[in-house]
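The following blocks contain the structures, represented as structure tokens.
You will see chain A twice below: alongside chain B first, and alongside chain C after that.
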Partner chain A sequence: MILSVEKLEKQFGSLKAIDGVSFGIREREIVSLIGSNGAGKTTLVNLISGYLKPTAGRIFFGGKDITYASPFKRIKLGIGRSFQIVHLFEEATVLDNVRTPLFARYGRIKSILWSADSYVDITREAIGILKLFNLYDKKDSPAKELSEGEKKILDVAMAFALKPKLLLLDEPTSGVATHDKFSVMNTIVSAIRKEGISALIIEHDMDIVSNYSDNVLVIHEGRIMAEGKPEDVMQNKEVRETILGIQ
Partner chain B sequence: MGQLRWRGSILGPRFFVYLSTLVLLLILPLLLSPFNLILLEYGLALALVGLGFNLLLRYTGLLSFGHGAYFATGAYTVAMVGRYIPELYSLEMLLPLSVLFSFIVSFVFGFICVRHTRIFFAILTLSLSMLVFALLFKLYHITGGSDGLYIPIPSVFGMVFNRRPDFLSGFFYYFLVFVFVVGFLFMKAVVNSPFGKALQAIRDNEIRAELVGIRVKRYRLYAFVISGIFTGVGGALWSFVNGHVTPEVAHWFFSGEIVYMVLLGGFANFEGPIIGAIVFTFLKLYAMSFTEYWMFIIGITLIILVLLLPTGIAGGIYRLITEIRKGKTLSGI
Partner chain C sequence: MQWFIYVLNGLYFTAFIFLISLGLNIILGVMGILNLAHGSLYAIGAFMAAWVIITLSGLKGVPVPLLYISLISGALLAGFVGLIIERVLIRPMYGRALEYQLLITFGALLLFEDLIKLVWGGEAYYASQPFDILGKIQILGNAYPLYFLLVILVTLIVGSAVWVFITKTKMGIMLRALSLDREMATALGLEIDKLSTIAFVLGAALAGLAGSLIAPTTPVLLGFGMEPLILAFIVVVIGGLGSLKGAFIGSVIVGQIRSIGIVVFPEIELAILFLIAAVILVVKPEGLFGR
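What follows is the complex of A and B.
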């Protein structure tokens, strides 16, 4: 298991947002996390990425206990994430959006007297990532000029540049036009598969969940309701009634 | 790859403009009257301040209203050494000392301020600079209070200058140009370096910057300190030209003038603060000699600027060049 979550709890005042959640993600596995609004999906991702501290329970990553590690430490260990609302360096070029995480990863970010362009190897790697994510043609455009779908892809590419072992993707297709959703997911998932990265993806669209996930985790009112292969989970009566709204 | 190496480097398309400007700066003492040459010296010292200030504003997204504090640190370092340790009063000692003291003050103040952004950052910087002002004003037995302190002519490697006009129009001018060029090249390198990219990343999206592994507060502090040192060195050089320093340079009003000159030149362009500092120096002095209501002229200029040239003089020049190029392309079609 690359990630192992054990009896995780998170309490906000009197509300138990996460209530004894346990699950694991294997290497190279893509897991979708589904659930209705307010079920605790983003809270769970925030707990794994370190933006929230749990009330109880443990989180292990690569065998290491990271329950109380800082987000910065988790990034260094190999947990990358993207957000529901994209977080880009809007004024910077697409190339610089990917190069900046690379400078940080290679410990070159403090370099003060050499031009960023003089780091040819890093620039080359950034271009490789942009090609992998089909953004090479836009490398010189400011990130703010990209379409919503391209922004989503760039958001993931930036997390990808940190060479994570586990990617946490919070609704990578939200805000993307319906006809672009599959092309966005194709690009993201093929890059993830190619590099052999594990991923936990929060997603609402069941077509996307069934097409791109190895496993599905269903969360409801802070608890795991069901877990398993997409086709099995879709047949689960409780999931169909509560989450999918199918009688 | 070759193209990538050229983008944003010092040897970019602007190189020849920079080189011509340097040549012009070197021959200006032959062309300008002593009075206008001294005005230019004020402008060049303030240009260093503008470059430092803009590292925070343009590249880190932090608006400081207290840069007068670091300017005063540089200027008062010179004045205090002149008064209390005259044996150290030489240009080669004073400049490193102004770097050291502006480093200390900007590090301490920056440590407090970089935990906040936007209006909170601006107010904190303003408050701290007013603290420096109050100290300089009230500790009159040490600082000379409102009378300020006299700045003697410094020696340079044992060379002594007797008359300030000779010093200012001779050796000091070329020394100032040298420090300005070094500061310019250093800042140009900083903003195009990975470190500069990190600052711009923090400005654009603090959360993402943290996520990609940039220590946001630490990098803001680095930028603050570099900015403070540039301002301190600018203050020290300015003090030699002025010959006298008073607590007013630490007042928020003076910090506001720094903001004004950077806006005048155009903070969105690297060269904007330099243009702004020089234009502001001439504008202010000629406005002052024209009318006692000179602040009225400065205010009107600011209104015109905001309405007609929101990107400042440099932004206007770049826009004009773009329009001319566009026009040429269209006529070519």
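What follows is the complex of A and C.
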């Protein structure tokens, strides 16, 4: 297991947002996290990425206990994340958006005055990532000029540039036009598969969940309601009634 | 051709206001800290440069170019003081409400007023040697101080260097990323603390350089940093947060209006600047070039 979550709990005042959640993600596995609004999906991702500290339980990554590690430490260990609302450096070029995490990954701050272009290896790697994510043609455009779908892809490409072992993606297709969703997911998932990265993806669209996930985790009122292969989870009576609204 | 002299004076005002507001803008943009002690850093730069110039001038055989090079001393000291302020006072304030930052930087402003008095005394410093040595040149029939042109030139060089630093270097790209989206910068593993320190030291050094450059043109005395601080805030309001272009255009507007205002409507010169800032706050709160 690359990630193991054991009896995780998170309490906000009197509300138990996460209530005894346990699950694991294997290497190269893509797991979708589904659930109704307020079920605890984003809270769970925030706990794994270190943005929230749990009330109880443990989180192990690559065998190491990271329960109380800082987000910075987790990034260095290999956990990358994207946000539900796209966070880009809008005024900067697409290339610089990808070079920024590479600069962070490759080095501590040493050379203050060196030109960014003089880091030839980093620029080459950034271009490779842009090609992988089909954004190479836009490399010199400011990020703000990209379409919503392209912004989502760039957002993931930036997390990808950290060379994570595990990517946490919070609704990578939200805000993307329906006809573009599969194209966006094809680009993202093919890059993830090619690099052998594990991923936990929060997603609402069940067609996308079925098409791109190895496993599905269903969360409801802070607890795991079901988990397994997409086709099995879709047949689960409780999931169908409570989450999918199918009688 | 008197108007040309007004324009040149405007450019001179623009130059030193630009340096101060650029520093303020970098600190505000990158760190989200509204540094009320920024004027103190300007004053520290001015006192340091004035003291060094007076000391060097009192020695025999000091080469003249050294007097001009010594102007850097104000920027260096302000940068060093900025480093201490950031580490000791500002860093514990990250993530806290704006009121805490305002209180702590206002406290620093008061503290530095007293520290300046303690170190340099309460008297005014007159360090006009670099200004006097250069003398005046004739421009379209008017005698104009060459030192003012030197300040404009130095500002152009420093402003261009900061622009290249922010847009072309690895460090600048990371600073800009932090300024554009702090949450994403954190999620990407940027060394936020170190970048913040660099931004604060750079901003402080720019304020100190502005103080150094102005020191030979005017008596340096207590309370020296207050008016430039207010002008720098007006520039940030007009030009917009986090924009080098905004800091430049805002400084040009403030500099030229001050230059003309001092001659044509001296009683309301500052009031006009406040009025422009107020109109921009109402019509375009993010400033002319802000985000």
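Structure notes:
Criterion: the second predicted complex is superposed on the first by the 244 of 247 C-alpha atoms of A that agree within 3 Å, B and C clash if a C-alpha of one lies under 4 Å from a C-alpha of the other, contacts with A are read in each partner's own complex, and residues count from 1 in each chain.
By definition in this document, a contact is a pair of C-beta atoms (placed from the backbone, for glycine too) under 8 Å apart; a residue touches a chain by one contact, two chains touch by 3 or more.
The model shown is predicted, which means the values in this text are computed figures rather than measured ones.
Superposition of the two structures on chain A leads chain B and chain C into a clash. Judged by the touch definition given at the top, the superposed model places A:Phe72 against both chain B and chain C.
Of the two partner chains, chain B and chain C are each touched by A:Thr100. Of the two partner chains placed around the shared chain by superposition, chain B and chain C are both touched by A:Leu88. Residue contacts after overlaying the shared chain place A:Lys229 against neither chain B nor chain C.
Of the two partner chains placed by superposition, only chain B is touched by A:Arg124; chain C is not. Chain A uses residues 71-72, 75-76, 80-81, 83, 87-92, 96, 99-101, 103-105, 108-109, 111-117, 119, 158-159, 161-162 to touch chain B in one structure and chain C in the other.
Interface of chain A with chain C (complex): residues 49, 71-72, 75-76, 80-83, 87-92, 96, 99-101, 103-105, 108-109, 111-117, 119, 158-159, 161-162. By the touch criterion stated above, chain C contacts chain A in their complex at residues 165, 168-174, 176-177, 180-181, 183-191, 194-195, 198, 291. On the side of chain A, the complex with chain B involves touching residues 71-72, 75-76, 80-81, 83, 87-92, 96, 99-101, 103-105, 108-120, 123-124, 158-159, 161-162. On the side of chain B, the complex with chain A involves touching residues 1, 4-10, 186, 189-190, 192-198, 200-201, 203-205, 207-215.
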